[in-house]
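What follows is a group of structures, each given as structure tokens.
Shared between the two complexes below is chain A, which has chain B as its partner in the first and chain C in the second.
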Partner chain A sequence: MDSSNDEALDIIITNVVATFRTRCHLNLRTIALEGINVIYKPEVGKVLMKLRKPKITASIWSSGKIICTGATSEDDAKLGARRLARCLQKLGFRVRFSDFKVVNVLAVCSMPFAVHLVDFTNNNRPIASYEPELHPAATYRIKTLKATVQVFSTGSITVTGPNVQAVATAVEHIYPLLFEVQKPKHRKD
Partner chain B sequence: MASTSRRDALALPEVQCPNHPDALLVEDHRAGDVICPECGLVVGDRVIDVGAEWRTFTKEIATKDPSRVGDAQNPLLNGGDLTTTISKGTGAASFDEFGTSKYQNRRTMSSSDRAMLNASREITTMADRLNLPGNIIDRTNHLFKHVYEQKRLKGWSNDAIASACLYIACRQEGVPRTFKEICAVSRISKKEIGRCFKLILNALETSVDLITTGDFMSRFCSNLGLPKQVQMAATFIARKAVELDLVSGRSPISVAAAAIYMASQASAEKKTEKEIGDIAGVADVTIRQSYRLIYPRAADLFPPDFRFDTHKLPQM
Partner chain C sequence: MRLCKNCGSSDIDVDQSRGDAVCMGCGSVLEDNIIVSEVQFMESSGGGASQAVGQFVSRDDGGKNPTFGEGYYTGSGRESRAQTLANAKRNIQALGRGLQMNQHCLDTAYNFYKMALNKHLTCGRKSSHVLAACLYLVCRTEGTPHMLLDLSDLLQVNVYILGRTFLVLARELCINAPAIDPCLYIPRFAQLLEFGDKNREVTMTALRLVQRMKRDWMHTGRRPAGLCGAALLVAARMHDFRRTSKEIISVVKVCEATLRKRLTEFEDTPTSAMTCEEFMKADLDHDECDPPSFQNGLRNKKMKQLEVELEKKMDDVKDEIEDYQDEIDTELERCRPKLRGVYAAYTKEDAFHPKNQFKDSDSDDDDMDPEVDEELLAVAQHFGKELNELTMEALKKLEESPSAKGEEDDDQEGCRPSLESILGPMPTAASLGLKENMDCLGEENDGDADDGELDLNGIDDDEIECYLLDDGEVKIKTALWMAQNSDYLKEQKEKEARIAKEKELGIYKEKKQRKKGTRRAPIRASTGQEAIEKLLEQKRFSSKINYDVLKDLNIKPVSSPAEPQDGATETPRKPVIRNRRSTHMPLSLATPLTSLGKRLKPFITGQPAKRLALDQIFSGNPLAQSNEVPPSSVVVESGPVVESGPVLESGPVVYDDADEEEEDEDEPCVSAMDLMGSNDYGNDDEDGF
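So, the complex of A and B:
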């Protein structure tokens, strides 16, 4: 059971969430009226701007804080954020791109075997939690990495963590634990 | 209330009859006196009565309350009831000229005590609706007290915490109730109870055993009025289905409901999916889904000594 199995396992990053600041106050009404592909939500106080490429949705607040979601990689997130800042610059605001930080990365991965969730939870008692009434997956929180892994009985897992490196490490960490509780393969007839 | 002094509380006061120093003194409990048997001199008085507590038996509001020690201490409340409150007046002098009572503001008890009492009341009401025994209620009260003292769940409504504590207590006692059953007796939504549940487990650093299909069989089957044979068959079917891993990823409640459906349809007491769904808190389509998964292996799932009423199980 080699630990460097992530070459064989495809970890697909589905979502990267990043935040940055423009260091200037933004007038949401102006953005809502003059921007393209925007949705104004006055009851919450933000504007949603969707970029076509990279495919990103950004929540823009009047304080200048912007949350960028929907990117598929960290670089994509940075590129999208910069493009967004440029968009706002063109609308006339004195934008300064600062404090870019990737906040959350969500990745999915599929084990080549099915997992016995009851045994998995019993083996990893306080760290793993499984409530079939509430959610069909067992949640495993890795405190050191600040990452959360959700394990489904089919063997698919979703990993969320603060950056891509943590996600990869989390998959490495959890692979042996899942390997020992795998369900033997048999044909269902 | 009996005072607990440092010395042994049962030690009689060290007195002697002045006339008869070696006479053994007799204690009169009714009057609280210590009397010399030789000459009848009352040597000590105001002896504290360490006997059984006097209780009020009369229902009407007697002007003289014979119980001087009050109710039993509630260990869950802080301060052990050692506070002074001003009660409602009884005589005419307690009302001032307008007819309102003087001293109308009773000293309010501390907020944590009030919260505990309210929660206790809520818990007792909910447990009553579910017909839960006293040990679960006690456990719930203790859990609530721990959680409340911890203050980590301060933002959540006390009712939500109480409901979640009730759920945890049932689990810990080995007789789990589904979230939906707790929802039925509480005003809190399943989502909120679920969230509180996870937070409480974190805060108290405990964990609970996982639910199994067998935990709910006896309750669901009795509510449906199914005979013991069918219940045993359903338990067997559900256990077998989980062992053979036919229902991977399904909640144990759904599997139990499908097993009950299969067992009841094979016996004389046929129950519809809707009836079972109502009792178990499962949608009838969910029962249908789980049933479809276990139907192909129906022959393996039934216990060997089961007597079929009809050999034709519904196929869907």
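So, the complex of A and C:
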């Protein structure tokens, strides 16, 4: 998605987090003992189950709440979640697939120019904050979209938001701001 | 104007000096000992000039509450808010002294803290963190060379935790802290490095270096301290001071690797090529460079490109090499002595297994199972014997012992792959099996019924089967898991035993469940009035009021005063209680405060009179709002008492006669009833008016 620019910016979604409920109590020990690719953490009280095909990791609690992370797209997340539910069904639990919700989407994007972070922060106070002592990136929070963009001085940005659409909008929103404070590149290699 | 209660005349003479209010008609004394708010002057001891009498009391510091009349019950101690503030002030002073900050900064920090307190930002956070964050905020706004690291050193707290608190504070208080300039830190570090006489020169050099670094984009996204360290090192060397990197590190608080990296980056810039004199004289004007990380990125890209090209070339060469390899292999085979007998069987077995994997992957899992089962059963048997050592090596050894028959080398070669093939094939087969199924899962529609039924569209059952272990496998895994988590399981058993014992002894305490902030159910009401009443039932503002009694009062909402009042005051008011008889009013006012005894003292000292002045028309409850109003210690001295009796009466208050008697039950809390001068409070005798 580009905005008034010649090159298209590649927004790569790296992680999608989704939750759903099975509406039934799950016996974690059974899952741990009868499933492949599971890690049981009794101290915390959850089971980590990793699926291979949509490559996702799911945290399963005994209350029936499940969080899936690691998917690369919203559809993938849903498919993975359904696979997981099916798997649990086969283990003998009466699962129902309900309340599926994508909670967080993380994407990275790279600008073709470097960004001057101090100017960027000065222009956009107080939405943007930059603490070099704590983190090398400037954080820009868009309240309306509930999205957070972290801008690095190299020009790469990471965007987290509640869904893919919000992420795309956030990138569009922030592109002109970054364009203003870009560091012109010169210097032959 | 006020009317006399006895004769109804409006001619009342108020004498401020004597503190009396007397009716001119019938002569009855309406008020005695009026509290006045005049300023008195007296001669000061020194020069005889007039000085005002009184003390300056700060609005929020509370502190010394005047005890009036009896001293045995001096209010409820200091108010909680005042104590919090006093503590905060003390701690800020202590921290500030450690950092050598001046008083102005500390005062500003204290103000920040007060702001944070008002916005409830201190809840859920350690007070020390919040204080440190306030201090750091001041440092940033004033531009003092204090780092967050210093504060965390003092407090022994992780920097990032402090940083998080600091960011939240800065955001909530809408304070824009200017970005850190590394130039700020240079003088401070230079001091610590003890350059003696040449301190100033070294500092200037270092400053120029840092400015140059900034132009070269080395400072974005980096800790300013690291840059300073590098600059100081170079500056020191330029002026013939031998400062080792260890010394610099201890002062600047970065690690050696960082310092080295900054120096390397600096080396890459054209500035490094200049000599000392050139650097000092030249105007730092030449082109800016790209930031180092950007350069790194470009470099990586180039490397990748090179690699790709190389690979292409490699491919060409590879074919040739492979031909040669094959030839060599065949030659070697011919030359190698052939294995006889038993060993031949092993070599064949070796070759058998890998092929097996591929063969089985094409078919279902079931085909593979019997074979795998045998081996697994063997393992399981061994498991039964030796549950203690369950490491891979142990498993391997177990594997080796039954099958070791001949020379070790060949056997080991034959055995190890077989072990891996046990643990290997299951996942590999699964993955290969999955690959096949991937094709049939081309299009999927995710149509989940909303009622929670799992839509099996696109989910291949066979594939799911791969994810589940078989019975035999389950047993093995159970054994493995039990052994692995034996410690945890032992703990659990002990805990249960302990609980059982305690239960028998009858001293078992239920584990304290921490209440997770009781969620209030949303209030449903048809009118605003109802909503407010319901809210008041749930929400309790003051610990000094017995809400149950108030609740019992018959709630007769009066429409006309209620509406404008409701609109005007945002804070919820108690059910409107109206003044029932004006006879009681002068009663209460007339009684000297001192004679009211213990019950009312808290209200006298603790009440915010200012609030009363505002609310005097609405009245409602000064009592109910004590939590929200900043405490003022000026109760007694301020506020026109005549109109709004500070505590005793508060305008329109209504209650039914029938419910009067109930207030006797409430003990430590005082009910509004009592205060409103209900009969039982001992004023009966004086009811002679």
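Definition applied: the second predicted complex is superposed on the first by the 181 of 189 C-alpha atoms of A that agree within 3 Å, B and C clash if a C-alpha of one lies under 4 Å from a C-alpha of the other, contacts with A are read in each partner's own complex, and residues count from 1 in each chain.
One rule holds in what follows: a contact is a pair of C-beta atoms (placed from the backbone, for glycine too) under 8 Å apart; a residue touches a chain by one contact, two chains touch by 3 or more.
No experiment lies behind these values; they were computed from the predicted model shown.
On the superposed chain A, the two partners chain B and chain C do not both fit; they clash. Of the two partner chains placed by the overlay, chain B and chain C both lie in contact with A:154. In the superposition on chain A, A:90 makes contact with chain C only, while chain B stays out of contact range.
In the superposed model, A:133 makes contact with both chain B and chain C.
When the two complexes are overlaid on their common chain A, residue A:82 makes contact with chain C while staying clear of chain B. Legend: residue contacts after superposition of the two complexes on their common chain; A:165 is shown touching neither chain B nor chain C.
Once chain A of one complex is fitted onto chain A of the other, the partner contacts of A:118 extend to both chain B and chain C.
Looking at the superposed arrangement, the partner reaching more residues of chain A, out of chain B and chain C, is C.
Legend: residue contacts after superposition of the two complexes on their common chain; A:63 is shown touching neither chain B nor chain C. Look at A:36: by the touch rule set out above, it reaches chain C but stays clear of chain B. Residue overlap on chain A between the chain B contacts of one complex and the chain C contacts of the other covers 114, 118, 121-122, 125-126, 129-134, 136, 152-154, 183.
Every residue of chain A that touches chain B in the complex is listed here, in rising order: 114, 118, 121-122, 125-126, 129-134, 136, 152-154, 183.
Chain C makes touch with chain A in their complex at residues 147-149, 159-160, 163, 166-167, 170-171, 174, 176, 179-180, 217, 219-225, 287-291, 293-294, 297-299, 302, 426-427, 430-431, 434, 438, 444, 446, 448, 451-456, 458-459, 461, 463-469, 474, 477-478, 481, 485, 488. Interface residues of chain A, counted against chain C in their complex, comprise 23, 32-37, 40, 42-43, 51-53, 75, 78-79, 82-83, 85-87, 89-91, 95-98, 100, 114, 116-118, 121-122, 125-126, 129-134, 136-137, 152-155, 183, 185-187, 189. The touching residues of chain B, counted against chain A in their complex, run 178-179, 194, 197-198, 201, 205, 207, 210-211, 245, 248-253.
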